[in-house]
Amino acid sequence: MICMSRQDGRGPGQLRPITITRQWLTHAEGSVLVEFGGTRVLCAASVQDSVPRWRRGSGQGWVTAEYAMLPRATNTRNDRESVRGKIGGRTHEISRLIGRSLRACVDYKALGENSVLLDCDVLQADGGTRTAAITGAYVALADAIGWMRERRMCPGDPLVGSVAAVSVGVVGAVPMLDLCYTEDVAAETDMNVVMTGTGSFVEVQGTAEGAPFDRGALDQLLDLAVAGCEELTLIQQEALGR
Amino acid sequence: MICMSRQDGRGPGQLRPITITRQWLTHAEGSVLVEFGGTRVLCAASVQDSVPRWRRGSGQGWVTAEYAMLPRATNTRNDRESVRGKIGGRTHEISRLIGRSLRACVDYKALGENSVLLDCDVLQADGGTRTAAITGAYVALADAIGWMRERRMCPGDPLVGSVAAVSVGVVGAVPMLDLCYTEDVAAETDMNVVMTGTGSFVEVQGTAEGAPFDRGALDQLLDLAVAGCEELTLIQQEALGR
Amino acid sequence: MICMSRQDGRGPGQLRPITITRQWLTHAEGSVLVEFGGTRVLCAASVQDSVPRWRRGSGQGWVTAEYAMLPRATNTRNDRESVRGKIGGRTHEISRLIGRSLRACVDYKALGENSVLLDCDVLQADGGTRTAAITGAYVALADAIGWMRERRMCPGDPLVGSVAAVSVGVVGAVPMLDLCYTEDVAAETDMNVVMTGTGSFVEVQGTAEGAPFDRGALDQLLDLAVAGCEELTLIQQEALGR
Amino acid sequence: MICMSRQDGRGPGQLRPITITRQWLTHAEGSVLVEFGGTRVLCAASVQDSVPRWRRGSGQGWVTAEYAMLPRATNTRNDRESVRGKIGGRTHEISRLIGRSLRACVDYKALGENSVLLDCDVLQADGGTRTAAITGAYVALADAIGWMRERRMCPGDPLVGSVAAVSVGVVGAVPMLDLCYTEDVAAETDMNVVMTGTGSFVEVQGTAEGAPFDRGALDQLLDLAVAGCEELTLIQQEALGR
Amino acid sequence: MICMSRQDGRGPGQLRPITITRQWLTHAEGSVLVEFGGTRVLCAASVQDSVPRWRRGSGQGWVTAEYAMLPRATNTRNDRESVRGKIGGRTHEISRLIGRSLRACVDYKALGENSVLLDCDVLQADGGTRTAAITGAYVALADAIGWMRERRMCPGDPLVGSVAAVSVGVVGAVPMLDLCYTEDVAAETDMNVVMTGTGSFVEVQGTAEGAPFDRGALDQLLDLAVAGCEELTLIQQEALGR
Amino acid sequence: MICMSRQDGRGPGQLRPITITRQWLTHAEGSVLVEFGGTRVLCAASVQDSVPRWRRGSGQGWVTAEYAMLPRATNTRNDRESVRGKIGGRTHEISRLIGRSLRACVDYKALGENSVLLDCDVLQADGGTRTAAITGAYVALADAIGWMRERRMCPGDPLVGSVAAVSVGVVGAVPMLDLCYTEDVAAETDMNVVMTGTGSFVEVQGTAEGAPFDRGALDQLLDLAVAGCEELTLIQQEALGR
C-alpha cells in the first residue's frame, strides 16, 4: 500500500488530536467537552432519582441519551428542530445509538431505581460527531455515577466497564481511521464502531455510501477501529485520572 | 456444536418459509406482499416523474422509502404515529435503511429525473420486518422500473443489480439465521445484513443487546447472513421470472 | 326506468362481489379482510381491559374506531398523515362515523369496563371504503366479543344486534347501489346509510355533490340502501357461521 | 299527539327567536352575528382575489369555511385547539359541512378566480351551532358577493340561490325542531338538514344517538326540517332587505 | 406644543370612547365585552376548583390568561393558530403579560386552591388590544371572584386592588395616549403600561420602533400613561357599580 | 443607603466579570462566547444572501435572532423544545427581543438584500441570559458585517451604532445592577434595558414580580442600567479592537 498522507498530514490509522475536558459545566452531575480535531461536543449527565414509567417497581435503573446539533455547528446553518416542530430521523437514530452504547457498561441493578440522561450537544461539527459523543458521554457518565456513589444513591457500583467509539471508512480505496468531514463526504464506505474497554463489540454499523464492499474491506476497517478504540480507552482513563 | 432445534423446528441456518406475491395491488406501479413466516409486509412502489427539489436539474433520479406498521400488526396494539402526531425514531431509522439499501442497486443517471417511492407497510409482525421489507421492496422496485421502461420514461436501465436482506443473531449462544419475534427478543446479539445479489455488503448493523460480542461471533453471523442472502436472491429472481 | 347497465355490468340495485375473510391476522382478537369489489379494508379488533378516563368507575364499556388509508391505496399516492404530522378532516370524520355505527349494536353494561378498538385500514380503495369498513368491522367486533366471552371477561352478552352499511347515489339521473370510485366521482348525490340487522337506521348521510335533490330522490336512495343493507346482513351472518 | 310544551314553552315545530345582525364587524367584506336563542355565532366573510393552488387557471372560484368555538362558549371551558396543537375531528367535520353547504348556492364560473372564506366562530353555544353557522354564513356570503359585484370583481352573478339549515330530533318520543342544548343531549335521534331556498336538500345527516330509528320517524323529522328551513329562508331574505 | 388634532379629533392625552359591558356571556363566571374605540375584546373568566400541578398542596390559588384573535379581527385575514398547529410568539407574549398583570391584584392565599382562567378573544382589532384585554379582564376577574365569594369558595377576599392598562407612543414627534391602529403603525416609540388603581407600575414595556428614545421622551410617555390609567380605573369602578 | 454587599461581594452598581471571546466557532461568519459571571452564551452570526419572502425586491436587508437554552444549562434539567415539539412562550419572547434590539443599530438599505441570523444558545445560565445574549450578539453581528464588507456584499456600511443590554432589579429594597440567578429569583422588581452606544433607549421592560413599583424606583433602576450599558459598550468596543 502506498503511504498516502491525509489532508491534515495524518497517517491512515492515526486519530485526530483528542481532548476531554471534565466539569465544563457547573450544574450538571457530570459534564465533558470532548474534541476530536474540529468536532466539539458538550456532554452533560443529569441524574434523576426516578425511572421511566415502564421501569418502575423493577428495582433497576436506566440510562438514556439525547443528541442534537446547534444550528451553526456546521458550515451552512441548519434550521432548529424545535422551530421545525419535529426531530429528524438522523437525530433520533444517533440518540438511540448513544443510549444503547452507554447501557453496555452499566449494571441496572447496581444503579437502583435511578436514571442518568446524557445530553450530547454538538457545538461544532467536523465529522465523527456521534462517535465523539459516545466517547465523551462515557466520561460524563462515569463522573455522574461517581457523584451518585458519593451520595450513596446506588445499591452497588453500576459502572461495569467502559465504552469508546470511532468512525472508520474507505476513502480513495484506502481504509482510514477517524474521518474528518471532508473525508466522510468522500468515503465509499463508512463505519461506526463502538467497543468496550476490554475489546468487545457493542455496535458495528457499516454502510456502503458508494460501491458495496467485500469481506476483506470489512475486516480491514474493523482492524483500524479496534486499534482506535483501544487508544481512546486510554485517553478516557487518563482523563478520569485512573 | 449441539444440533439444537428451534421452536418451529428449523435448523440454525435455515430461513422461514418465504413468499413473494407480485401485483397484490391494482394501482401501484409495482407491488409485492412479502412473507417471512408470520411477518407480512406490503411493499408498494410509486413512480413520480419528478425528483426532490435538491435534485432538480441534475438529470438524475431518486429512490426513497417509507416504513410503517399497522397498529395491530403486533401482539399488543401500538398507537398510530398519525394520532401521536409524530414519527418515532425506530420508524425513521428503518425508512432510511430501506431507502439506502435500494439505492445501492440503482443507476441514478439511467433513471433520469424520475423518482420511485417505496411504501413498506407491515401488516403483521413476527420479527425481521425491516429485512423482509428490503427483500420485498426490491421486487416491487424492479416491477416499477419495468413499468417505466415499457413507457420509455428512463434514458437507460436503472436497475444495476439486486439487494436482499436478512437478520441474524446469537440466541442461547447459538448463531441463527432469520430470527422470529420470540428469538429476536431472546437474542444476545442481533444483526441486520443487506447484500447485493453478487455477494457484496451494502449494510451491516450489529448490536449487542445483552453482552458485547467478539470478532469470532461477528464472523459466524456474517457467514450465516451471506448464505441467507444468497438464498433470498434466488427467491427474488424466481419471483421475477428470471 | 331504462335498464341501464353499469361499467362492470351490474344492475342499479346490485352490490359488487362481497368477501369477508375472518382471522386474517394472528394477533388481533378479531380480524377481517373485507372486500367490496376492488375496495379492500383490513379490520382489526383489539380488546383492552380498561376504558377511557371519562368512563372509569361507570361499570360500562366502550367501543371506538380508527380509520386510515395506506398511501398507495389510491390511484395516485397520498402522503402519510404521520408524515404530515396531523390527521385530516376526512379521516377524523370517518373514524367517528365507524365508532358511532358500531356502538349502535353494543350494550355497554353487558360489556363491563372493557374496550374494543377497531382499526380499519384501507389497503386498496375503489369507492365505499367507509361503508365497507363498517360492514367488516362489525364481524371483527363480533369475533372479539366472542373471544372475550370465552374468557368470561364480560358480565353479559354485549352484542345486541348487528350493523351493516352501504353507499348509494344518483349517477346520470339513475339511483344506484354500492358505487365504485368512478361512479362516486360522477355522482350528483351521494349517500351513506348505516342500518341494523333488523332494518332500522343508525346513520343517514346524504350530500348533494352537484344539484340539490328532492324528496323523491331521497326516498328512492333510501329504498336501495335498505335492500343493500339487508343483503349485507345476510353475508355477515353467513361469514359468522350463523 | 299530546300537545307537550318544551322547556322554553315552544311547540314542537317552533323555532327559537332568530336574530341576524349584518355588518357586525368593520373590516370583513361580509359579517353577521346570528342568534338562534342562546346560540350566538359570528360569521365573517373574507374575499380573496385568488384561489387554492389546485384550482388555478380554471377560471373558477372557490368558497370554503372554518368553524371554531371560543373556549368559554360552553358551560364548562374547553381547551383551545391552538393550545392543543391540533384541530379536533368535530371541528373539521363541521367546517367541511359549512363549506359544502354554501357551495350549493354558488356558481364558480360567475365568481371568477376569486375565493370567499367564511369564518364561523361560536361566541356562545346552546345547541344547533352548525346549523346557525350555515344560516348566518349565507347572509355574510351574500354581503361579500355584493361587495365584490360593486367592485366588478366577478364575471357574473355567483349567487344562484340561498341555503339555510336547522336541526331536528326526537326527544322523549316527540319529533322537535331546532333543539337547544338540553334537548340535544336528551335526543334519541338527531338530524341536521341543509336546504336551498327553493326547498331542495343539500345535506341530510341523521344519527341515532340512542335507539335506531325507523322510516316513519325519519319522515316526520324531514317534514319538520322542511318547514323550519322555509321559515329561516324568509328571515334571511328579510335581513338582506329583499 | 402645537395643539395637533388626531385623525379622530382627539387631543394627544385623550382616550378613545371606552365601553365595558358586563355579563356578555351566559355561561362564564365573569364576562366582559370591552371596547376601546374600534377595538373589541371579549373577556371570559372561568373558575376552576383546582390549581396547576406545581401548585397543588400549597393552599394557594392561581390566575392565568389566554389571548387570541379571531382570524378576521384585522383588516386582512390571519390564518388561525389552530390551523397552523402552533401558537405564535406574539400570542404567547401577550397571554403571559395579561396573566402577570392580573396576578398583581390577587392574594393567592385568600383565593385558596382555586384558579381563574381569563380568555381574552379579540373580536375586532384597532390598536391596543393587549391593554384593552387587561382592562376588561380585570372586570371579568372581579365578577368571577364575586361569584366565588357568594359560594364561599375562597378563604378570604382575593381581590386586593385593581389593574388597568393603556398604550402610549410618540407619533410624528408628539407623545400620545391610547394609539389606534394607524397611529400604532406610524409610532416611532411604543409603550404599554400596566398600573394598579393606586398608581403604581406593574409593567412598563417600551420599544423603539424607529429611532431610539431618550429619557425625556420616556418621562413624557409615562406621564400620559399614568393619567390614562387613572381614567380607566374610574371607568372600571363605575362599571362594577362601586 | 446602607452599603450592602452582594453574595459575590459586588456593590449594587457593579457588573459581574464580563468576557467576550470572538471567533469561538470556525464556520460562522461571526461568533462570540459571551460570559456574564456564570452565564455563558454562544452567539453565532450566519450571513445569507437573501431576505425573507415579505422583504424581497425591497432592496433592504434583515436581521433576526433565535434564542435557546441547552437542556442542562440550568440547575435542574429542562426538556428540549424539539422533543416537546413546540417552542415555549419565553423562548419566543426573548428571540423577538434580541432581534428587535439588534435591528436598532442596522441600516437595512446599506445592508442590501442580505440577512444576518443570530443564534444565541445558552450553554450555562446564571441570570441575565437575554441581556448577555444581546451584548454578545452585537459583537458577532459586527464581525459578520465586517466579513460581508470584506467581500463587498453590502452597498454601504450597515452598522450605524452599537447596542448593549443589562438587567437591573430591586432586591431586598436595594436597586441592583446585573442580577445573578439567586438575586433574580429574589427580586421584587426586574427590568431589562437595551441601550445604544450613544445612550438612547431601545427597549425598557420592567415587571413587578412582587409588589408594584413607584416612579422613584423606576428612575433609580434606569440610572443603574444607563451606567451598566455604558460600561458594556466599552467592553464591546475593546473586544472589537476599536
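For clarity, chains are labelled A, B, C, D, E and F in written order, and residue numbers in each chain start from 1.
In this section, a contact is a pair of C-beta atoms (placed from the backbone, for glycine too) under 8 Å apart; a residue touches a chain by one contact, two chains touch by 3 or more.
Per UniProt, the chains are A, B, C, D, E, F = Ribonuclease PH.
None of these values were measured; they are calculated from a predicted model.
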(message) Can you give me the shortest step count from chain D to chain F, moving only between touching chains?
(response) 2
(request) State the smallest step count from chain E to chain F, taking one step as a move to a touching chain. (result) 1
(message) What's the distance between the Cα centroids of chain A and chain B, rounded to whole Å?
(response) 28
(message) Can you compute the centre-to-centre distance for chain C and chain F, using the mean CA position of each chain? Integer Å is fine.
(response) 59
(message) Taking the mean of the C-alpha atoms as each chain's centre, how many Å separate chain B from chain D?
(response) 51
(request) Quick one: which residues in chain C touch 2 or more of the other chains? (result) 85-87
(request) Can you check the complex and tell me which residues of chain E touch chain F? (result) 86-90, 92-93, 95-96, 100, 104, 191, 195-196, 198-208, 211-215, 218, 222
(request) Could you pull out which chain E residues touch chain D in their complex? (result) 25-28, 31, 38, 42, 44, 46, 48, 66, 68, 70-75, 77, 80-83, 85-87, 91, 117, 119, 121, 123-124, 126
